[in-house]
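Below, chain A partners chain B and then partners chain C, in two separate complexes.
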Partner chain A sequence: MLKRILTARETILAAAILALLVLIAVRFPAFVAPSNLIAVFNDTSPLMLLALGQMIVILTKCIDLSVAANLALTGMCVAMLNIMMPGLPVAVIIVIAVALGTLMGMINGLLVWKLDIPPIVVTLGTMTIFRGIIFLISNGKWVNAHEMSPAFKAFPRAELLGLPMMSWVAILVILAFFVLMTRTSLGRAVYAVGGNPHAAVYTGIDVGRTKFTAYTISGALAGLTGYLWVSRYAVAYVDIAGGFELDTVAAAVIGGVSIAGGVGSVFGAVLGALFLGVIKNALPVVNISPFWQLAISGSAIIVAVAFNAQANRTKGRVILKQAEAAA
Partner chain B sequence: MRVINKVLGTVALAATMAAGFGATAASADETRIALVVKALGIGFFEAAAKGAEEAAAELGDTEIIYTGPTDTTAEGQIEVINSLIAQGVDAIAISANDYDALVPSLKKAMQRGITVISWDSGVAPEGRQMHLNPSSNELIGNMCVKLAADHLPDGGQVAILSASATATNQNIWIEEMKKVLPEYEGIELVATVYGDDLADKSYREAQGLMATYPDLDAIIAPTSVGIVAAAQAVADAGKAGEVNVTGLGLPSEMAGAIESGASQSFAIWNPIDLGYSATMIAHALASGEATAEPGATLPMGRMGEVTLDDEGNGAMADPFVYDAGNIDEFKSIF
Partner chain C sequence: MLMQTQTQAETDPVTRPTPVLALDGITKTFPGVRALSEVSLNLYPGEVTALIGENGAGKSTMVKILTGIYQPTEGRILVDGEETRFPTAQDAADAGITAIHQETVLFDELSVAENIFLGHAPRTRWGLLDWAEIHRRSSEILTGIGAEIDPATRLRDLGIASKHMVAIARALSIDARVVVMDEPTAALSHKEIEELYELVDQLKAQGKAILFISHKFDEIFRIADNYTVFRDGQYVGEGRIEDTDNDALVKLMVGREVAHIFPERTPELGDEVLAVENYCHPTEFDGVGFSLRRGEILGFYGLVGAGRSEVMQSLFGITRPSSGRIRIDGEAREIASPADAVGAGIVYVPEDRGQQGAITAMPIFQNVTLPSLGRTSRSGFIRLAEEFKLARTYCERLDLRAASLDTDVGNLSGGNQQKVVIAKWLATQPKVIILDEPTKGIDIGSKAAVHDFMAELAGQGLAVIMVSSEIPEVLGMSDRVIVMREGRMVAELGGDEMTPETLVRHAAGIRES
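After this line comes the complex of A and B, so read on.
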């Protein structure tokens, strides 16, 4: 039991993050001050939210490359809505953001489910389409800080018990996800679909529908993050969060989510996101050349995947090879 | 204007329109200068047209024809140029949608004795007599440091937040900044960081700068994404007024930062001055007061003079400084 806890991905990752923090503290002690750690957590919140969405999709053997574009499109929509109706309460804006994101996630889900197109192709396509739509609705123009209403910008910054709202949103979603993945039939179905689709069918799980649900959830999170992102950085334009989809995949993979599906945990994905977040926030203060920054982020991903491959090797034994081949 | 431009197919129509532009259009001693822009309806160019009208009023006997296609295409501009040739204007000052594609029609214009210059966005040297750049790398580099230094009479620490480490124009500007740095006493450049023109990365880099250098006085960001993100990071850290974010940005994007106090001032070219100068130069060339040749000095009225390099490029002036005093006027323009 103890050995299992010690060798669990989450423990190793948490230890790696701690080691990383110690290493950074040696060069820059102020980094580990509580206020800065809170800032790092807050800064990583969008990545954690999207990494959870990415995780549930990857668990079903799919991938969602459109999350960042979904975030950007939702962000642009709510920002423009805010200009048109500055009086709209933030709660309504959040509901609209989540609804828009959900809709886009459902489009991905439907294409994967009903048309059976490979997920990577579907989301690569919708990624480009979403970015294109942002350009069409905004004419390539920016929505700037002075055009947004104060309330619109204030929400992610508002503090409750010393923690900004953006962090609280992330914490709530993490807890909800934990319950969803471990205590509901949907959560278990997601693992089943990714772990062994054929067996899942025999147990009465609709594989396509489960994938559709996973995409919908990922879309909803991307939509929510879209509002948070745009209001936090107080700017919306076509390219916001460009390339962020790969960060979400990286966070999930570093967190031990198997790209082949079926393996991974909520806290693993969260820690994976935090690991990347610590690196992203630490590199500017430890004074490392920007070219090295890219190499370091890349190496972390490869090390993590190597770990995953190791872990998968000892996952279990196939005792009836012929039977599996026959199926 | 838009509709008129669309039906501008035939010479007959064009001639009618030329007459329609002003009662004195037919008089021989009036200089008619066409200000051709990338597309109509863009705030930046409307402002340039305002500057051109100002120059025309100053010169007298000058008529400005402000025109351009309805969308930013080279084809649209070629149609406009052809109709201007048919109208027999005296000069064309163009901000081009394509470096090469406009050359044949502009050559044709020059063969008919029309003065052709490009401004803002240039065309290849064989397609124009001179090109007016809004500024030069030296002037931009100097202005960036000056903006920071002006608010630091006793000296202080500044850091540069650039786009990507491989962006050519950024690196040239940073080089120029480093060159002029010794001229500003007490200004110490502590770091150069790269935000890759991503809002989130630039924001983090700005946060990192403030954490690493607690005494930091100014962040210079010669990139429009970086300057906005840095200003937001400074405002969020409650350091507005303490750390001054400056550099190159657009008034519409920076209005919030000026308002919050995170940025005291920043710079970018002034479209009004640009339109004014282009008109002044076009008038001087068309009337034969000056000739465009390498090394020549051309008059630009209140903007002084411009000296041309070997390829006929000239730089107008220092980037124009925007601050709390004029931001409201410009934020709706561009």
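After this line comes the complex of A and C, so read on.
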């Protein structure tokens, strides 16, 4: 089992992140100080959460471009709710955020499942709709830090054993996802649906329902992240996390999730997100313009996909050899 | 008598003109499969040659070779007696060879005229497409073959028969010398078939050589001048149609030595486990009903497209029947989805393993346990040790050879992938297992293993339905055979009635002579 968890892809990626850290540490030892590493992890938590949601959707041969818009809409809703009812406990707010996100995920899932619309079109549409709704309910105005209740803002920063709550949430979700993907029939169904939809049908798996569930989970994570994001940055407006959906796709793909579905792992997606997180946090330190981040993460995606293609090609040769031997 | 015909044709070349197209000693191998073995085919100007053979005899491979889609592994292609090669489909087209396929290869979004002249459209002086000329010649050709179709119509607005006419018009627009028709009448009505015959006569009169592939004997005797018979990728004979008859052709098609010994077994039939009553589907099949007992192997024979797989897919809940009932162990069951079927104890090993069988990017053990995860889980969580045990039990039963159960199924050979799919279903402890073309595309050794295993399953009291297009397999394995033709059951044969000739007769709809 250990072998499967640490398949080559995850190991290579972990090694790349370590090498990156060593490289930075040579010039800027402060970057690898434990407190800074925790800060980097914490800063990357939203990306990890969304990348996991994106991963489960991509595994079923779909894509969710609406995650960032879902996050922003949920964030705006809970921020406005906080203004209206400042006394509402954070636990209730989190439940509401997850519920809102889940609802939006279910809308995506239903459109893909019942109407059979291509996933990219569905989520491109809902992405725009969700952003539009934020504008409508907020009249384009910002919700600023002074309007939010202290408890609302405090939760993601509260520390437990030296780690902020936002990091703890990410860790818990990662562990839950690992169990979900490796130890439940839903996890298996997700891999089967993406790996070979026809075969999945013939095995008695409901392909449409599995996709719907994947979107629902992705939506729930986006909702949860929506609250964390707005409370941590203490601001909500129409354009928060603009373009972040592409970062989630990038993290998943860099982490070895095949865009064609059926291949990918929880730790791959997490490492993919961390890789992008380290780069984003290190660039200002080493005095490189953050705009380079775009070029670097773009290159990382292409390298990762090239890796995938290469791996598949060697596989093809092996099959042929066996066929020749059989003949 | 037949041998005489053959020798006559071979030793009497004086009476025959040079073939326009001759394929000589063609062998085509794919990894692990020998599709054609030193076969020959001659096509003469102004004559129709029927290529006859069972499903899997190598007819389609031959068509693909002479249209430049496949390259022969060995052998020669002669055009007007001169050796040549067709490295691409375009080269074959340039040599005047054109094919009208069973399923038309046309573009739905383009107009009729564009479809006819795509790739060889007339140009103006300036090198632009000459639309006036394209439309003029399109209507000329269409009128010539008696098809009243406006060349400006978008293809997708046409019916299947009209599309066929467009395909034929396209073939004619190339100024073809050799026209290949691969089951051209499969989608046509009676009237349209008559029109097609007239068209074939016209083409003959123009001196074109025609290769006509069909399963329908009445058609062959109606329009062919010559025949060539393939069997299992080998050439078995050719001759003039007027020198032969139904019986002789059937014998040539099926008369073979049994390729390998089938397992001896004395079926011990138990109670009725499955009863299907009047199963109907709006488009695919009608009035299917049969009963199956424990320990029985029931064969389903028919030509490709006879509706056998469609019946099985509906029994397995992939498609819904329009009417009909199923009883399992005497109890009426509603099967609306594959999950229902598995729950009722019916499992289905599909024909196309790559597409429908295994999930190649998943390890063996996960493939095997996929439909049985409920049994290896506790409170919703899979217990890996249990899962491995279950997978190992069934893989060992099937003698599946792999380095580890952790290996991805994509790394296994075809025969072993087949075993993974079967192991997956056995792990659900079914009552009825449906095997659709269980040995298609696998090597002889693996075939024997699958046959032995089928016999073993039946011996253990499992009811087996086997859909197969291979006559020796159907006869060698089945206790009873149901023959289907055009979506209907046309015969149920048992004991001494099960002979190659009766199977072919019923499947092809030849009346007793």
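By definition in this document, the second predicted complex is superposed on the first by the 304 of 327 C-alpha atoms of A that agree within 3 Å, B and C clash if a C-alpha of one lies under 4 Å from a C-alpha of the other, contacts with A are read in each partner's own complex, and residues count from 1 in each chain.
Following the convention adopted for this analysis, contacts are C-beta pairs under 8 Å (C-beta built on N, C-alpha and C of every residue); 3 or more make two chains touch, one makes a residue touch a chain.
Because the structure is predicted, anything quoted here is derived from the model rather than measured.
Asker: Which holds for A:159: it touches chain B only (first), chain C only (second), both, or neither?
Answerer: Touch status of A:159: no partner.
Asker: Which partner does A:43 contact after superposing on A: first (chain B), second (chain C), both, neither?
Answerer: In the superposed model, A:43 contacts chain B only, not chain C.
Asker: Would you check which partner chain A:262 touches, where first means chain B only, second means chain C only, and both and neither mean what they say?
Answerer: The answer is second: A:262 touches chain C but not chain B.
Asker: What is the contact status of A:142 with respect to chain B (first) and chain C (second): first, second, both, or neither?
Answerer: After superposition on chain A, A:142 lies in contact with chain B alone.
Asker: Look at A:287 in the shared chain and tell me whether it touches chain B only, chain C only, both, or neither; answer first, second, both or neither.
Answerer: In the superposition, A:287 contacts chain B only.
Asker: In the superposed arrangement, which partner chain does A:185 touch: chain B (first), chain C (second), both, or neither?
Answerer: Second partner only.
Asker: Mind sorting out which residues of chain A both chain B and chain C touch, each in its own complex?
Answerer: Overlap of chain B and chain C footprints on chain A: empty.
Asker: Under the stated contact criterion, what part of chain A meets chain B in this complex?
Answerer: Those in contact with chain B are residues 28, 30-31, 36, 39, 43, 46, 142, 144-146, 148, 157, 229, 233-235, 239-244, 280-281, 283-285, 287, 289-291.
Asker: Contact residues on chain A for chain C in the complex?
Answerer: Residues 1, 3-4, 179, 182-185, 188, 191-192, 195-196, 198-206, 258, 262-263, 315, 318-320, 322-324, 326-327 of chain A touch chain C in their complex.
Asker: Can you tell me which positions in chain B touch chain A when the two form their complex?
Answerer: Counting only chain B, the residues touching chain A are 164-165, 191, 193-194, 196, 198-201, 203-205, 207-209, 211-212, 228-229, 232, 236, 252-257, 259-260, 331.
Asker: Per the contact definition, I'd like the list of chain C residues that touch chain A in the complex.
Answerer: Residues 29, 31-33, 316, 318, 337-339, 341-342, 348, 350, 352, 355-363, 366, 370-371, 373-374, 377, 380-382, 384, 406, 410-415, 424, 443 of chain C touch chain A in their complex.
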